[in-house]
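We just call them A, B, C and D in the order they show up, numbering each chain from 1.
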Amino acid sequence: MNTLIENKRKIVNDPIYGFIQIPSDFIFDLIQHPLIQRLRRIKQLGLTYYVYPGATHPRFQHVLGASHLMKEALNILRSKGQEISEEEYTGSIISILLHDLGHGPFSHTLEKSFFKNITHEELSLCYMKLLDKEFSGRLKTGIEIFSGSYPKKFLHQLVSSQLDMDRLDYLRRDSYYTGVTEGIVGSDRIIKMLSTFDNELVIEEKGIYSIEKFLIARRLMYWQVYLHKTVIASEQMLIKVIKRAKKMHKNGENIFLTPSLKFFFDNNINEKGLLDKRFDNVTPLEAFAKIDDNDIIVCIKEWQYHKDKVLSILSKGLINRDLFKVSIQKNKFTKTEIEELQKKVMKNYKLSEKDLKYFVISDSVKNNAYSKNLDERINILGKKNQITDIAVASDVSNVSALSRIVKKYYICHPKIH
Amino acid sequence: MNTLIENKRKIVNDPIYGFIQIPSDFIFDLIQHPLIQRLRRIKQLGLTYYVYPGATHPRFQHVLGASHLMKEALNILRSKGQEISEEEYTGSIISILLHDLGHGPFSHTLEKSFFKNITHEELSLCYMKLLDKEFSGRLKTGIEIFSGSYPKKFLHQLVSSQLDMDRLDYLRRDSYYTGVTEGIVGSDRIIKMLSTFDNELVIEEKGIYSIEKFLIARRLMYWQVYLHKTVIASEQMLIKVIKRAKKMHKNGENIFLTPSLKFFFDNNINEKGLLDKRFDNVTPLEAFAKIDDNDIIVCIKEWQYHKDKVLSILSKGLINRDLFKVSIQKNKFTKTEIEELQKKVMKNYKLSEKDLKYFVISDSVKNNAYSKNLDERINILGKKNQITDIAVASDVSNVSALSRIVKKYYICHPKIH
Amino acid sequence: MNTLIENKRKIVNDPIYGFIQIPSDFIFDLIQHPLIQRLRRIKQLGLTYYVYPGATHPRFQHVLGASHLMKEALNILRSKGQEISEEEYTGSIISILLHDLGHGPFSHTLEKSFFKNITHEELSLCYMKLLDKEFSGRLKTGIEIFSGSYPKKFLHQLVSSQLDMDRLDYLRRDSYYTGVTEGIVGSDRIIKMLSTFDNELVIEEKGIYSIEKFLIARRLMYWQVYLHKTVIASEQMLIKVIKRAKKMHKNGENIFLTPSLKFFFDNNINEKGLLDKRFDNVTPLEAFAKIDDNDIIVCIKEWQYHKDKVLSILSKGLINRDLFKVSIQKNKFTKTEIEELQKKVMKNYKLSEKDLKYFVISDSVKNNAYSKNLDERINILGKKNQITDIAVASDVSNVSALSRIVKKYYICHPKIH
Amino acid sequence: MNTLIENKRKIVNDPIYGFIQIPSDFIFDLIQHPLIQRLRRIKQLGLTYYVYPGATHPRFQHVLGASHLMKEALNILRSKGQEISEEEYTGSIISILLHDLGHGPFSHTLEKSFFKNITHEELSLCYMKLLDKEFSGRLKTGIEIFSGSYPKKFLHQLVSSQLDMDRLDYLRRDSYYTGVTEGIVGSDRIIKMLSTFDNELVIEEKGIYSIEKFLIARRLMYWQVYLHKTVIASEQMLIKVIKRAKKMHKNGENIFLTPSLKFFFDNNINEKGLLDKRFDNVTPLEAFAKIDDNDIIVCIKEWQYHKDKVLSILSKGLINRDLFKVSIQKNKFTKTEIEELQKKVMKNYKLSEKDLKYFVISDSVKNNAYSKNLDERINILGKKNQITDIAVASDVSNVSALSRIVKKYYICHPKIH
């Protein structure tokens, strides 16, 4: 009894929003669940801390923050006359609170290293369904909102769209923790401008400039943080070191693995149908819930001393921040450029040709700050209740320009002495 | 002797940059001069405080802040190998410190109410020349930098261009004091990206996103603050009340004027040549130095009780924040719309037709966030030392889009009951 | 009708708290009243901007901010089970919104220059009563709360006590505008810790450290801002220049006065009973409502050129920030020290002895960070519902130490060349 | 060659101070060393993130920040005429940069779990000496400053004293990352007030209020963050789980350990003399450099599933944030209180009496905000060049009050159902 009362007042100190109040006991119980607590052990931005030392904040904090924004957004919509039932209110919060459950060690970077053909969103949904069983069906509405099947479409859009509470939180939070103050987004004002029209999320006309600013801040964060060339280099090293370790394990060589991580080196999970199947009495979903950033780091630390040169070079580089050099440019690197570089690296590190792929990596990254796709666009609510895509509503065509996909080519490789 | 040492350490507390150190005794003496101290009595943003109550910060603070940024910029350029002599260093600081001397009561709003055909920049130059005499020619370099005749063009560009220290300071400062946090500009990073090429100011390539953000922040500040419709309405009321008072004074009617303000009601100064001429033993330059925001407010307060209806309605409205209603839109208001409104206002306030012009005001405002003019553009320094206009250098054409001039039409009038 | 709906959503942008929502139409109408709008023309911190150039924020902004905190505090208390009726809720907001109506030009500094024996709180009450008439008795509860006669004592304590919303706002706001970041107060946390006990305001035990911090921040703001020696010097100059002008006016000498200000140079109002009396058809209350900082500045600007040396020296010094030098110390200045200084000043400025009192000013200032008086103390609510004075509840006796009155002696005078 | 030039401009983005410039190539090389890079894998505040979710910042960031403040402090002292040679300048920065090398997994919490009778400061010194060898004696001055043997005592005081750059950085940084904004310290102002006298660090008199504020902020951070009761509870759980695991390992039971961690379960290192000795060809110093937070977390995750009840209960609680309940009070808990609790816990968890010590923990914590010890006190430099302890110099005796040691008793235990 006493605990319930205590919970009702439960407050969390967040450096971004100040005091965050947990909206209900049920939400509090969800937050206490090991599946969410696990997000404390997964960094929001993976290896980005190698460029921005302060960026070690965990995903756990982000989902709390996004839930807080969701609450604010729902309150604003209600105050503007949009009906939202208690069930819908709680469902929306649940939906955003759990939307990242499917993330594993180093989030996006290793997304394809553990499962083939399964996205983290699909994994999130699987975990939500597990929780729904555990909590006797109380997550039903939340799941419908998350998966987009709930009739009031704007609730899903608050969870996942170009203006969702996810982005609003992570852009601001990542700015705070990296110190890239230019990425700061005026979430307050944007939320104040939210409205609904025909059950779709829209922005009031006077919010146009704020949205432009939001899009530009996002663009800046992409190229200055998420796709920063040194971040790309370290992520590639991480992907390659796991790839090498997997290959060696498969070849029967003895490499150190934490017990939980071993599961994913022993088994290849390449379709959703297998997620609930038992391998040695453990399902992939259960196994995945046990691993986090710590397993990866501990293994790489050990691999530094392995006799395999590829494994040890990559591991030492990662642990001691002796990162790959990287060039990034608008045009593709020519075959000649790549080959010359490969030769130098091969000679410098005395590598065989077949191991080159771990060391000279040439690929591209792309991003557009705004997508004009019909079902994704940000809609502006005009004074006469007309709805217009922001790319059209803006008085200059800058948002339209931002919808162009920018593609950059990079090549990375270890230092050449 | 003691005073000199004290001065050398002189530090001012600025809410934006923290402690600002005055760079030299001579600069300190300039700051102490009545012509600069007068800027303490002129609000940076005129009547904007009627929309943003916190925006009562004085121009004095802005010129101190801009000088601080100038110092930082010069230090960065020096650290990158650009030679800047002590004389040039001090001259640049003087130039930005004094660039606003020509502003009078309510800055831009009343710029045309006191002088015809003379801009505030021209007035600033006149005052600089007066000071140069007073300080035995020590402002020579500063004046050359200000007027653009100094050979190292980048010094002038730091004072006046699309990336000058003036804008960098006022955007950030106005954000701080209005609370429009979205207008915050990353002056730190932009200054770090400054460089020179062929004696012109340029931005290093990796600064492109910061500049985009700066342009968008500026655009937002324009439409959300500087050209906010209620700000426009109050400014129009201010212009009209002065116009009415002038007319009445000219007609020999008795209206209250502070002694200093009377000069400008008695005399019409409409060409630069007259600025040094004596009228009743006082030059317009001397007279202008005596007036500030306070004179205007005191007069309007008195005019509230004047028997002239036009004067008293406008004055009461201004003093008690009973402001004109204003509509703003992309298209011109039609003749019919305007005439209908005029009729209503005329009837409601029992006005004669010839006084309508004080009450129904229809005009336009315009702004472009970026100008592509050859001698104004922001130039990007590429990795191979090539120079490109940012509108071209950007990987999408959003900056180019921002160069379109946006024009908005407004109509304002007193409330109709 | 439309206006009402618009009002209901009325939002003000505050740099400290973000968006402030006006709680009701009635409060909005009160804010629009000329008596409150006048507070836009009175600086919160008088001449403090001579030390901290950014500190030109108006009292108007402070009363809005304090009302916002009041709303938050009332919401917290309600959420903890304290019953607060709608009438009490509105009354409390009215009370804090209007608590500063009695302030005049340069607030505290000139408090005694216009009225003798009448405090600004008494004046505030008079204006509230005028407004109560104008608004048909709707301010009754607010007035009772303000004057302390309302039964629920904690409502008055939120308006006026050692932990009132007035202080919580002004300390934080003055920090923001001066840039003295060390004065920042955690108003959020303190308000979260508020509770009631026996209709008195109390602080939950875990808030003790926050209160200590608040008291220390207040102490710092006193000595670093409010009682900064240069602020004291400029305030003394202001008091003296008004005194001199009054004396000259009384002696029949011609000195410039704005029409509104003249009232207080013609009449001496020295008891509350006179406030409603008509002098030349105007009551002192009406006359006082017409003057503000602008009148004083305009007059002093003119007085610079007056032939009276005392008046012109003081006026020039004030306008051009050529301020008195000031020494401040723990011990009284000796008679000899004062006399020697007087001699020097007299000689330097060729003054007569009877005018010395305008130029050499020796007095003291005092402050204690905490008052232990029975009816003022901050009470802590222990876990077992016991109430203890914070000076006793603290685990060390630092708060008790802070209750000592600190007195400092100063002497100020014009520069001696 | 190119790299050197690049290094010279090396800038790190810090959310607290903005851009931090690495002062020299040598410092840059030190920062790149694995021993410092390892601090990226040790959280500054251990398990505090269980109370403040954002507090996952690494020690690496803190040492960079503290070095930055050191640079600022040295510049200020130089500007005040204190001679500081280049060697001393670099030495001081090295000293603070390396002062935390001796920290291991979960910093203070597990300080006694790996070494007996050896402090982390002693370990830091050992690592510095290793580095000194590696860098051919270039750390000599830095080591002398760190160990206090360098003649200019103020340099050591900047590294370790009641006003050192260590505290100045961590208080501000921990405030930023926890969101406990009240702990923010005005490091700017304090550093501006630093001076030297007789080779000792002193504070200028006008800085007294800032120091008071600093001490109160520190006091608040202690009781609200560092000694927060839930932080204490989780730290006790961590200490106990390691203790249990060690005991079991010693008893020959099979428990999972990462290879690096095994060293410390196999060997007891209880005196400084052993640190360089080889155990199975590895010295304790080498072994310690290999472990960090990740090893501990990975092990505890595995231990959840161990059949030993004590180990699994503690591990599950720690991983899933099912933490011990804790009571904290001014007085000792009575024997009866403790015994009753023990009985309940024993019954509830079906524990044997000898395992109770892992579950019911009663101890005390203490802290004083200021120490008056002769060689530790903060000295104030008066206007007449006299030196006074701040506890005496303050105009009230609040600092003196803060020197009282506050001791609190706590008892913690798992939830009783």
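Brief remarks on what is shown
In this section, contacts are C-beta pairs under 8 Å (C-beta built on N, C-alpha and C of every residue); 3 or more make two chains touch, one makes a residue touch a chain.
The model shown is predicted, which means the values in this text are computed figures rather than measured ones.
Centroid distances built from C-alpha atoms place B farthest away from subunit D. Comparing the chain pairs A-D and A-C, the larger number of C-beta pairs in contact belongs to A-D. The distance from the centre of subunit A to the centre of subunit C, with each centre set as the mean of the Cα atoms, comes to 51 Å.
We define each chain's centre as the mean of its Cα atoms; on that basis subunit A and subunit B are separated by 44 Å.
The mean-CA centres of subunit A and subunit D are about 32 angstrom from one another, to the nearest whole unit. Annotation for subunit D: residues 18, 189 touch two or more other chains. Contact residues on subunit C toward subunit A in their complex (touch as defined above): 11, 18-19, 188-189, 192. Within the complex formed with subunit B, the residues of subunit C that make contact are 12-16, 18, 32, 34, 37, 40-41, 43, 49, 51-54, 56-58, 60-61, 64, 176-180, 256, 258-260, 290, 292-295, 297-298, 301-302, 319-322.
Within the complex formed with subunit C, the subunit D residues making contact are 181-182, 184, 186, 189, 209-210, 212-213, 216-217, 219-220, 223-224, 330, 369, 395-402, 404, 406.
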